[in-house]
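After this come two complexes, each holding chain A, first together with chain B and then together with chain C.
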Partner chain A sequence: MDIFIQLIVNSLIAAALYAMIAVGFNMVYSVSKFFDLAYGTIAVLGAYFVFYFYNLFPDFSLVVITAGGIFFGGFFYFLIQKIFYQKFEERKSSNVVMLVVSLGIMTITQALVAIFFTSQFQTIYLNFESNFKILGAVITPIQVILIFSSIFVFFLIFLFYKFTSIGKKAKALADDPFMSEIVGINTKRIRAIIFFIAGAVVAFAGILSFMDVGIEPTSGFTFLLNSVAAFIIGGPGNFLGSLVGAVIIGFVENFGVFFISGQWKEALTFIVLILFLIFRPDGIFKSKKQNK
Partner chain B sequence: MEKKLKNKIIETKNLSVNYAGVKALSDVSAYFKEESIIGIIGTNGSGKSTLLKSIFGFTPIVEGEILKDGKKYDLSPHKLVESKISFVPQGRQIFSSMSVEENIEMGAVSIKNKKEYQENLTEVYKIFPFLEKNKDKISAELSGGQQQQLAIARGLIIKPRLLLLDEPTIGLSPDIVKDVFKKIKEINQKQKTTIVIVEHNLKTLFEITKHIFLMDKGILVAEGSPKEIKDSGILDKIFLAN
Partner chain C sequence: MNKNLKILAGIIIIILIIWGISSMNEKDSGNLNSENETIKIGAIMGFTGIASQWAEHHKNAMELAVDEINNSGGVLGKEIEVFFEDSRSESKGAVSSFNKLTFSHPDVDFVFGELWNFLAGPIIPIANEKKITTISPSIINSSLGDINLDKYFFTAGHRVESYENPLNMFFEKNKDLKKITILNLNDSWGTPVGDKVEEISNKNNVEVVLRDQVSIELFDYRSNVLKIIAEEPDVVFVASYGFLESQVVEIIKEKNPEIKIMTSNGIFFEELSKKIQPFHEGVFFLDWKNDAEFEEKYLEEYGMYPMFESQNSYETVNIIKKAIEISKGDPDKYLESLKKVKYQTKNKSYDFSKGNLDSNRSEASLFKVENGEIILVE
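Right after this comes the complex of A and B.
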């Protein structure tokens, strides 16, 4: 029974992480309409920012360093969009070209991280008093922070789209880029802001994952795969869908690993993804645009 | 044929543009006079829609120039909207996942003053009362005619000096076409908005316009009042030849 509850808790922890990453991916995809392979790398950069500065200034506030890492992730992603993606969009480059560009950025960034920090797996020691126990299941303080952070981020993003002018413009841009320009929305500015926010969100997720289990230069690709899977399963363009998709992946991974084998972890994600692509290609929640 | 040189909001001078790599407009000199309703007609592929798109900066200019109030201007759409020029493209272009009111709100991104937005919204709802009744409805659920009127309403929310309408009645039933044209005339009379309409429905268009530009194969072949255009016999020549 304890094992079963532990599996549920572990699934929810994984879901919280994937949901955070997937919601950022959803934000970016909705305004750029291409699969940005460099997205997961931003999580790695955020994590290594914290790793570097926490080792350099061990007595400095971890909260401040984390905030720095979040900002760094957002700003770095903003720069990638401004320097690379925007230029290719202005040239009306196809999605395949954009995909290749993002692959290049991912590869270079990953290589630079490995050069500066080596390819070794890095962890951080956090001096938390003790773990929590819920119905016999163990959960660490950082995992609790991860779950609450994910809920908080989702809530903030909901408020952003519902009540802010930029959020509404981003929603319009996601709906119809051509019309957005026609009505006078500065689409370049909105895209840049969305990339900054999504970069900050994924960097935060990367930092929390680093604090929980550690990080290596290639972790970004795993983050990307899981977020893409959650994004497709939930339904592109639907934030609630990303959350549900993340929960499905979290549960499939953890239960699959327990009942089958650890080696099947990523394969199981993709089996679920392929099943969705065959039987429900628009995802669980079809967007209103798709319905039309 | 009448050609007034003053009060022109937009003027193209010897304009040539490319669209999808092909020369779509050649040496077009047209102008839109304040507070009037202007029609642009021609066969399919004659460059009517391209002319509107080029005014909004969507097609690269090869030769010539476009002037706003006699001066060259920044062709970026958001700058044009800020200077009170609205464009309603063809095909009932709405934000289909957003509500009716959100659609109208998106048309008002250049309005910074909330009071001004509310006043304009009240006026738009006066012209299109059904939109107020359905303000919370997802716009994809409206009928084709209602979606077209929503697109026009969204263009009107900034109280434009110039409203560019590209085929506003395409695909609509005759009754709704009449209704749309009635609204267009009402907008012109009440708000003194200059309206440029690209339209294939000549009979109804001629009833509300004072000036017509006739295009063929990217060239401006004639201009004048609807009567002058009709009497010249050029319509038969162009439309029968195509």
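Right after this comes the complex of A and C.
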């Protein structure tokens, strides 16, 4: 029973991380309509920002450094969008071209991180007084923060789309970019804002993962793969779907390795993804629009 | 006219490239003549990436030996010169480092490296193809011996058989142990180590109730650990690299402090532990004793204790020296001479006549963390 609860907790920790990244990826995909492979590396940049400044100023507030890392992630992603993606969009480049551009940005960013920080696995040891126990399951303070942050971020994004003018415009842009421009929405500005927010979200996820288990320059791609799987399982454009997809991936991974060999951990995610693509290609929550 | 100009430009570019390459070769041969008075060793290690902490200590130990030899007159009057290459702790990086090293220094006498099994594996066929005598100071023999490619490749690393005595001792001292679970990396180091633990456990009538293997790319072992402790073993053996072993130990101690834990050696070195966390009290681990004399020298030179079997790198340089002396300085006889080297220190023993991959005859020891100190279990 104790082990079973711990497995659930482990699954929720993994799901929280994937959900944050998947929801951010969903935001970006909805306004750009291409698979941005560089998205995961923003998580790594945020984590390395914290790693660098925490080592440089060990007595400085970790919360402030984390906030700096989140802002840095958002700003860096905003710059990538402005400098690269926007230019290619203006040229009406195909999705394949955009994918290749994002692959290039991902590779360059990873290489730069490895050059500046080496490709050594990095972590920080946060000496918390004690861990929490829930029905026999152990959970560290960072893991609690990760789970609650994920819920909080999801709630904020929901509010952003529901109640803010920019959020509503972003939804309109996601539905019909052409019509959005006709009605006077500044689509370039909206895209830039969405990229900034999504960059900040994924950087936050990367920082929390770094504090939990550590990070290396190529970790971003692993984050991206699992989160894209969650995004596809949940259905592109559906934020609740991304959340549910992340929970499915988290549970499959953790319960999977418990019952079969640990070597299958990475493969399990993609077995589930392929099954979804075969039997439910539009994701768990088929939108009304898709049904039509 | 335009087309002719393009052809002319093309010819000029080709001539320039050929001239550039040939002059580079001339430069290299010039170096060969001028540097012929040194013994050249190319060293490949993962100075960046997951093996970088290992590489730092092995490089230090290697340089310590090189300085000692050079300061005492060199080998047969020739100084040792070392050229380092970073494999970035990647298999393909090890291969490109080997190629780069042997291209930029075609007159290299020995290649030193790699440090980890999965990094050394890909360079073995190249060493044989290029006929360059290559010695790893640290990889274990098992899982490489059956590929029959070991003509020019040697290891001074410990044999997996050296785990047998301390494992037997552990089981003899803990006769109440009935069940063991094993968690190891599924690479060419972790798998043979896990196999050996399984074999010795069975011999001691300790049932291996579960064995799980994990990928080196995974950073999150939480649910794998739950699986191995769910079987309620009396003891868990973990073979992974330092930080992840640490993660596993933490979870086991938190979930069931009654379970005895034994690990491979990556977790307990002072430098690594300082960076991560204090020693894990009560945990057993397997390691090979360094000579006190070597530790003192290392501490004096670098201000820290040597770790990760780095004495092997120090001794490997001395083994190369011995091979050169046996060959009387004839590079054509280096390979055959190396196979004749027998070398002994207080705690280390090497005999290359036993086979390219079986030279290290040292025995591992069993250690335990007690009251924050590492103690030798005797």
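Quick note on the criterion: the second predicted complex is superposed on the first by the 291 of 292 C-alpha atoms of A that agree within 3 Å, B and C clash if a C-alpha of one lies under 4 Å from a C-alpha of the other, contacts with A are read in each partner's own complex, and residues count from 1 in each chain.
Please note the rule applied: a residue touches a chain if its C-beta (ideal position, glycine included) is under 8 Å from a C-beta of that chain, and two chains touch if they have at least 3 such contacts.
Being a predicted model, the structure only gives us computed values, none of them experimental.
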After the chain A overlay, clash or fit between chain B and chain C? fit
Between chain B and chain C, more extensive residue contact with chain A: C
With the two complexes superposed on chain A, say which partner A:Lys169 touches: chain B (first), chain C (second), both, or neither. first
Would you sort A:Lys265 into first (chain B), second (chain C), both or neither based on which partner it touches? second
Just to be sure I read the superposition right, which of the two partners does A:Asn131 touch: chain B = first, chain C = second, or both, or neither? second
After superposition on the shared chain, which partner residues are touched by A:Arg191: those of chain B (first), chain C (second), both, or neither? neither
Smallest distance from any CA atom of chain C to any CA atom of chain B, in Å, after fitting: 31
Residue numbers of chain C touching chain A in their complex, please. 48-50, 52-53, 88-89, 183, 186, 212-215, 217-224, 226-227, 229-230, 243, 247, 251, 254-255, 275-277
Within the complex, chain C is touched by chain A residues 2-3, 6-7, 10-11, 13-14, 114, 118-121, 123, 125, 131, 138, 213-216, 219, 222, 253-255, 257-258, 261-263, 265-266
Okay, in this complex, where on chain A does chain B touch? 165, 168-169, 171-172, 175-176, 178-186, 287-289, 291-292
Report the residues of chain B in contact with chain A in the complex, numbered from low to high. 56, 77-78, 80-82, 87-89, 93-98, 102, 105-107, 109-110, 138, 140, 154, 158
